[in-house]
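You will see two complexes here that share chain A, one where it goes with chain B and one where it goes with chain C.
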Partner chain A sequence: MTDAITVNGAKTGGAEISLANILWGTPVRAKLFAGLMILAVWQVGVALFAANFVAKPLNIIQVFPKVLADPAFQDAAISTLTAVFQGLAIALVAGTIVGVAMGRLKVFDRALNFYVNGFYTLPMIALLPLITIWFGYGADARLATIIFAGFFSIVINARDGARSVPPEYLEVCKAYRAPARYVWFDITVFSSLPYLIAGIRLAAGRALVGAVIAEFFVSLEGVGMYVLAHARSFKHNEAVVGVLALVAFGLLFELTINWVMRRYFPWYRREGRGE
Partner chain B sequence: MNKVISLVNSDRTLVRWSTVIISLLLGAAIWEAVGMSFNQAFMAPLIGNEEHPGTLPRLYVYFFDDEEYLLSLVQSIQLFSTGFVLALLVAIPMGIVMARLITLRIALENYILALYVTPMIALIPFILSILGFDFWPKVLVVFLFAFFPILYNTLEGARSVKPELIEVARSFRSSELAIWRDILIPYTLPYALTGIRQASGRALVGMVAAEFFLSTSGLGEELITASRNFDMAGVLATILVITGLGITFMRIAQAVEKKYSAWRGVDR
Partner chain C sequence: MNDISEQLPDQDAEAAAEPGQARIEITGLGKSYGSLQVFKDINLNFGEREIVTIVGPSGCGKTTLLRCIDGLLPVNEGAVQIDGDEIAQPREGVAMVFQHFGLFPWKTVEQNVAYGLKLAGVSKSEIQKKVPEYITLVGLGGFETSYPYELSGGMQQRCGLARALATEPHVLLMDEPFAAVDAQTREILQFELLRIWALRPMTMVFVTHSIEEAVLMGDRVVVLKGRPSSVFEIIEVNLPGPRDRSTLGHPRFAEIREHVWSTLMDEARAAEFEVN
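And now, the complex of A and B:
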């Protein structure tokens, strides 16, 4: 993001040559300077006041390539990502069906609204003990957590999307006696697409968190467990790389969705409901 | 057939209410039937009998006949509110200061966004091994979960403050205090409240996570103990209590947000 806003010194034409202007004269410089300051404070602060094992930026950079090349880490990343994608796919299909039904047919909306809102507010972490009893201490528990984490945000957004179908379109369909499949696939699905995308975004974030929580709780192979195991054995630098990987997954997903939207659906500008 | 469909979809009060009531009763009946037909270590019914302890009777016992449980509830609420209030006290002033100091805002906003999207749950192992098992590490977890949604949204508000307003205020020689009181706070507060609503949900997750993974206490401890004893009635009842807490916090935040949302975009 490049803000066009001029920052204090640059406002006067950028001709000033002062220390402040060199350091934070433009937005990019200001951001870089702040980033370096944060890293420097982190490095020095930890070196001075914290125990030896606490992560420091320089050490993280040192271990970074090692961790990425580590087969254990790669397996963990693949395991977590596969589970998240599987879970999201299931949540997406099931959630869209339920959500669209709720949006189009008032019976379903009235009957299910209470349950959907209730489960959506329910913090998924509280369900973990229950999920482990039902699905055992294994990968199934993680998958169930991910589906649960993603499902309800997709339902809510799919419902809002299906409700937002312009009634004129439906009237035209009715007037021309269009078959039901046109009404569903050509109109309802397409006009609720932006909401669905918003739902997937939200669900992806929650699903990733759900995967990590489940791995913590069940001690299952994955990035969450990688972080936990290394933090416990006081290898914080490696553990921080795991956290960075989680952030990277989230950002990568976001970027992919943005790219797909711009590439294939450039006419969509509307946004669905956020968190 | 079509008549039936249009009847159940109609907006008549009777139809509306009966759909909701039938659906709730059906849900309760399914819960009860599933609970009665499974082993009591696997699922507990809603009401239950001698053999299958029910969830609602357990809830009653928890609230009216179990002082320890109430103590746990109070403990959890204490943890939540300490962390949440601290997050409020730090995040909102920080956001408003950044509305005033534009350079600072531009310098920091990307880093704040990055931390906003970081799954805070992944930081719990670090907090555990650096700070240990006390009350305050748990407060830190709740704080971290709540802090970034509030700060991020307040920052969004800070971005919405028009520089012209501050320039006009300056040229009329208004005092710094007046700028804060009449421009910065009215502009950023509604956004901050959106953040507070988001944060109330996240902080609840933080609360339970802290009670699970740091020293167990409060409702988290009750939940873990019940699940280790395969006491499903206890597990389900505690889940209901936590959901109730979540809904209460959310409702309060929503009410406050609604009250001040009229301030947003006054001159758009």
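And now, the complex of A and C:
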């Protein structure tokens, strides 16, 4: 028992037994504790000081299963998710093509880089009034917003990736007389994968925001609209479940990416280890 | 004193490589980057099925020279001809093995080895026949579906060698191929390469900064020296074949090694103090 320590005169045999150690002893415990504290403060604070209709954790838990079983909510979730995935897929393909072109051909880069960065910094919400008129008050406007939200971050990252293809790879391509299409769609795309992943992560967050505000603006069926409608009719507990669903979408996306990378690109995370 | 045969006994003149007609002819070759001249007035002929090693101090441009021979880099003066054709860019029948291996991390061993064949437009069935053959030849059997990150440095370079050999080149350019692997692996790979070459002889130009490696592998050793560098000496090695570990103990091996060493050491010392 060499590591036994004496705390306040009591032998504890290694680990210190105290309130702090129980609460902060492991990362999980600390996280759980903080979460419970936040919920407790919320519950008590709202019960004491806020109006009746403000959402409270215990009430949210109560309505949770009801909301999940509600066909209206399910349709809304499917509608938003489908649109986000469609929009991201389009943004990914188009953004990769444009970004790789910019990274590999100086002319494209000189011509487009200024505008790509400009559009990237443009707050998409400012464009919504125009988009709704151009694409109509319907699902098309939402899809356009999502594509617009995701496209530029993918272009920027694909461009950076295409510019940072290791010169050794290009040398091998040249030595084996690889035609340009191989250099573009095999070497450049695969070696920019880390950049593309970063781009799509960024794009996913922006796309979700785009989808929600488009639903607000267009009054389109979806999780954003579900939150808005329930907030306006003072069903705030239900509205919060909708917000939590959006958080879950973000997590779901992250997990999907990790799974896809592990399953189909096993070399991806180990790459940096070599020479 | 540019001819070592004046100092060294000319052993085994019969066993010297019979170069036959020259596969590679380098005439008056010069290369510069801006105002920095790397090498100048290089004149060399490499024969069919000959192994020529190029050795020189670091920074002498031996790797640049090899890239010019392959057509990866443009030259400023003179010309390189392979089989009578002037080289302006990489051509068929010439393959290069890189110090950095140049394997694609997202391709398996199989896919990496197939790369050159695929680009050469070889049919799928032919690729399926050839790839396993060359993977076995370099001793990578069983690792067909491994990714480069799963292989040691030595195995990665075996894969790089298989990729080059699979295109069945008659000229193989080796750019310090074993410089990035550890000493023991390097020795194994040197003899592996000699074994493979004996099975499929071809013209091989082998660039290295290791004097021992140059003498062990080469039928002739080209010594580059000077700034800008040029060919200082061409040594006929004339060591009895096949070369194996016993070659390293051969008196002539030691003789040539010491000769090249003293030649390059003068320059290395001068360069070391020149920096300051």
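Heads up, the rule we're going with is that the second predicted complex is superposed on the first by the 252 of 275 C-alpha atoms of A that agree within 3 Å, B and C clash if a C-alpha of one lies under 4 Å from a C-alpha of the other, contacts with A are read in each partner's own complex, and residues count from 1 in each chain.
Keep this in mind: contacts are C-beta pairs under 8 Å (C-beta built on N, C-alpha and C of every residue); 3 or more make two chains touch, one makes a residue touch a chain.
Note that this is a predicted model, so its numbers are computed, not measured.
Trainee: Between chain B (first) and chain C (second), which does A:97 come into contact with in this model arrangement: first, second, both, or neither?
Mentor: neither
Trainee: Considering only the touch criterion stated at the top, classify A:54 as touching first (chain B), second (chain C), both, or neither.
Mentor: So A:54 only meets chain B here.
Trainee: Looking at the overlay, what does A:168 touch: chain B (first), chain C (second), both, or neither?
Mentor: Touch status of A:168: second partner only.
Trainee: Check the contacts made with chain A and report whether chain B or chain C touches more of its residues.
Mentor: B
Trainee: Touch test for A:266: chain B only (first), chain C only (second), both, or neither?
Mentor: Second partner only, chain C.
Trainee: After superposition on the shared chain, which partner residues are touched by A:41: those of chain B (first), chain C (second), both, or neither?
Mentor: neither
Trainee: Counting only touches as set out at the top, which of chain B and chain C does A:255 meet: first, second, both, neither?
Mentor: In the superposed model, A:255 contacts neither chain B nor chain C.
Trainee: Based on the superposed arrangement, let me know which partner A:176 touches: chain B (first), chain C (second), both, or neither?
Mentor: Only chain C; A:176 stays clear of chain B.
Trainee: Output check: A:187 vs chain B and chain C. Expected answer is one of first, second, both, neither. What do you get?
Mentor: The answer is second: A:187 touches chain C but not chain B.
Trainee: Share the list of chain A residues that count as touching for chain B in one structure and for chain C in the other.
Mentor: 275
Trainee: What residues of chain A sit close enough to touch chain B in their complex?
Mentor: Listed in rising order, the residues are 1, 3, 5, 7-8, 24, 27, 30-31, 33-35, 38, 50-51, 53-55, 105-107, 110-115, 118, 121-130, 132-134, 205, 208-209, 212-213, 216-217, 224, 227-228, 231-232, 234, 236, 239, 242-243, 246-247, 250-251, 254, 275.
Trainee: Residue numbers of chain A touching chain C in their complex, please.
Mentor: Contact set of chain A toward chain C: 168-169, 171-172, 174-179, 182, 187, 190-191, 193, 265-268, 270-271, 273-275.
Trainee: In their shared complex, at which residues does chain C touch chain A?
Mentor: Its residues touching chain A are 70, 72, 89-92, 95-96, 98, 100-102, 104-106, 115-116, 119-120, 147-150, 153, 156, 167, 180.
Trainee: Hey, which residues of chain B end up touching chain A in the complex?
Mentor: Contacts found on chain B: 8-9, 11, 16, 19-20, 22-24, 27, 41-42, 102-103, 106-108, 110-111, 114, 117-119, 121-126, 128-130, 163, 198, 201, 204-205, 208-209, 212-213, 223-224, 226-227, 230, 232, 235-236, 238-239, 242-243, 246-247, 250.
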